[in-house]
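Chain nomenclature is as follows: A, B and C, assigned in order of appearance, with residue numbering initiated at 1 for each chain independently.
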């Protein structure tokens, strides 16, 4: 499996009636540039362009997919070097962390993590054996050596990966200094920010007050009520747009977007500023801010990305000891049909609004998402997200939404990557799965091969470009 | 793709181990007559037997699948000739409407609309090129010429389509005059009405008062309370049965069927007659009327078809400007297990009741529908409905319900067609998909080929006939 | 189909690219011993080791899968010999019951019941023709003759089936006398009890008071409040462990596991003892007892099996006339993410807890179950359960959970069998389906054949052994 090259037909359908068609369709997309508009790579990585530190820091510690799997099998987070908030020491030796991971490679059988890592190790770093207890040290040394070479620095990889544009994710208060450095270095067109105001619109999250203070400092005036908050957000959207932003990004527990009156919204914000946050009010305010964001987006043209339905930090003790984003976010059912109704009634036909919906609740694929995207001009469906960004998840997505939404109400492939080196792996995999799905339509005489090939190119490149085009 | 004939193997499995089996199974059903018991064709169409007006009026304007896809991609409904309630002019030129559609043919890739239209254009009308900006005028002229010929009038097509029986959908107050004309012309056995009382049992829908008045006029007495309403409905059921009706049809938001006392039901109706409709009361009353309908059905033998779970008119502005049924109905989760419990407890074993359940919430396939149909003798599962009436939707339906309900607790294929000319396309597609599913069971040695072929015939013809047989 | 042997490739993928791989993978597991840790076979069957009475009593009357299908097609339960509580006579003639079943064999096409029965009839009993009206008597005679032979007694079949260990299901008050007899006969290691306290923790179920009385008698002291109940349960867990139990088993309507204070729990129990059971209190107490069970399990190491989400006895009239477990249990949606949160927060990382989750709501596969099992070390996913214990259900399970949970957060195959003779059929089928899924991963170059084969053995044997190992 892990030799010096991966099998050229990997993740294409095995069926002999489909594989040759899939191969031909995939060939039309395999070398197309990558449009990466929903990533979580830190802009500083590319602004600094320093070498990556070591294999553990690159592949293990920050990858919550990987950490959660090892934790589920009894590996303590300490042994993986996941930092603690209380300052107690965790494993610091990258080689030890790497060994812990490598000796448990079998746990990843059948997972996308396996496929992504295999791609990165073989295609990007030229490893020639799979991770194991036996190979761990050899791989660690091999990777360390490569990481020290100039062609493995972030910008060199960015070029090699053929990334056309990469979007980062940035808090509302961000000064976008790293993006300014990138622009000064001539990289401003290729790395753009995304506006993510979650921290200041969720009044009941622990960091809300700090986030608001940071926003006040960025804006230079106090935020004393709802209108101040809206003004601040609108100003930051202008600044983000000026720095190249194409989109905003919104992670909410639900998809509710019921507007409040300005007076009601103000009452809730003023109470929160006094430290009084009613849980129901906080939920209602978050829903209101989705509605309000759609209003702003319809005016300034920033694409509005919504990915609801994840209960963050399922285990509060882990949140307390390790912080967020360490693998304890668990999906819940999401009601798009009723939740988005007020927003879509108000802005669903507005020519200025483009809204991209993501989900981790695949039950909504055919029941809600495809029917909504299949009628409201403002709505596009993003790629299957997070736990569903997998070969079978992507296949089920196409099989469930194409009937009603077609291909052209989707954005094509959008990765959601924290791990910079895995960006090509993810696009490559998505292109293979879409090629396989399209091959089936051809083999069942539901599309011509020409149509399928054109559609594959659209899903890989044209639709992501067009979906996030400056407006 | 669109040559003068469609590929004979279209929509059969591509797998070389399955296709020959699927071909053989499909051959046993391809020429069987069509039983079409859940359609929305207007009886006047067949009573008048006038030529269809033009290609736009036939294929575009009234097809909400097609209109919604074009709207979702930014085509204004005005440009598609969808009438406005305010009388403002919309596009009137059929050729212009047809061009707008034809130039966007690529949007339908992967959708059932593509498959149905292809079938109709090629098999019914002998078109020899796919719709496109370039071919639009040629196709329009070709279709117009055909529509003027006597063999393309409704009754001639009905014969050619080999329709054994077609059921229309008729409001409770309908006098069934068109059906009387059909009967007088000797078509009474072939075109029958279906009793649809939705308009008079949903007290909170805008047209309720008008629908009730129409029912009063039909019955010849005032409806002043619940008992009058029940009496009127029972009388109309008798009249529908006399006109050949086999079934009633019920579209509710939920599947709740909790009975009220007669006194409580009367209180709600009397209040509604005074213009006072509490939203909760309206929902409770609709649920009660499902229960009451089951009671009536167990006595008079009309098959009770229930298709719940669609939030109608998601955008109230579109409802106000264009009316209902223009593509803005969006599914919501449906609770069959708890909702139907009172009804099934009371009538689920009644020898007089046959209840056919449809859904657009495929999550209920294995969780609720198959377990219910797999034990209650009164329950049969209809075909996958509306957004799920697709190749992959039908396949998922069989894969999810057969385990627990088998084949013989389903009705076989039931189309839900407004577009008269697409009736054969829909049956043809369903027969192909069932053949593919059965071929897999044979190839996996789970059924013999003889059993599979017999089952295919049952799904195509025997079960639809038997499920809606006069009782 | 039913000749003297079944097709060796049955239930393997038909695809020519997959079948040879699936065959090779399956060959590695087909003869492995069976670990059957979640069954409902009566321990007395093996303690007595008497011959099975007759074909109807063995195959028809007690099999709720089979009875419900026949009932759904209009066969009265009386005709199937399902006993009535009111003492009214039901069909007593085993041959008549068998004929009623055999003549309706076509109803089971496509169902797992068909596959299991075919396996049992052909592989276990050497029948050489399928059930039908014509063959019914011949089969009845053939089976009767076999059942009279010593090699068809329960222990002989147990040996022939190559069962390594079989777990029964036993009420909290059980004295485990049959297990003691088995132990005395040297079978104590091979047949072990499972602790099922449902009857005493669901205060609102009809038999609660009787079950509590039985528990009091077993323990030898009155249960006068919550602390007494906990003491009694803990004592019984000790007794069950001493008798070889590895696990407890919990069937709840929901997955809620919110703890109450001891005082609140005591208030509810004391009220129930006075005959006052508030429905909300009963639900809250059941949820509390899940939490409390996790606490006990983390201390004594009994594996905690939870299978929620079934509304028992959907038709109360059937419950009244026939009792529970006759086919009227219908699934409902289940909320694992929020429901289990308190329990997992408290015990999800506890080294003593192993919790195995089952579901009949497949919507939770990718959305909730895989994400939970993929991070909490205490959680493993059981096999797809009940209505989902089917070829396509098992395939969908692997396709939906492996992405996020991998293989090693599942227990491998766990049957849930009342029908002793079908145990090998169920394991055989599961091994075939897993082989087919793994073959696809190999053919798509996502796993090596060596990895797939090793994984297949783990799913068939290593993981079930390890998941239920004494702790």
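By definition in this document, contacts are C-beta pairs under 8 Å (C-beta built on N, C-alpha and C of every residue); 3 or more make two chains touch, one makes a residue touch a chain.
It should be emphasised that the depicted structure is a prediction, and the values quoted were computed from it without experimental measurement.
Testing understanding: with touching defined as stated, what is the shape of the graph linking the protein chains, line, ring, star, complete or other?
Contact pattern: complete, every chain touching every other.
For subunit A versus subunit C, which are copies of one sequence, does the interface use mostly the same residue numbers on each side, meaning over half shared, or is it different?
different
With chain centres defined as C-alpha means, what is the inter-centre distance between subunit A and subunit C in Å?
Going by mean C-alpha positions, subunit A sits 40 Å from subunit C.
Tell me, which residues of subunit B touch at least two other chains?
Residues 15-16, 333, 363 of subunit B touch two or more partner chains.
Touching subunit A in the complex: which residues of subunit B?
Touch list, subunit B to subunit A: 1, 6-7, 9-16, 19, 68-69, 71-74, 106-112, 114-115, 311, 314-317, 327-333, 360-363, 387-388, 390-393, 396.
For a test of understanding, state which residues of subunit B touch subunit C in their complex under the given definition.
On the subunit B side, the touching residues are 15-18, 333, 335, 337-338, 341, 344-345, 348-349, 351, 363, 366-368, 370-377, 379, 398-400, 402-409, 440-441, 443-448, 451, 454-455.
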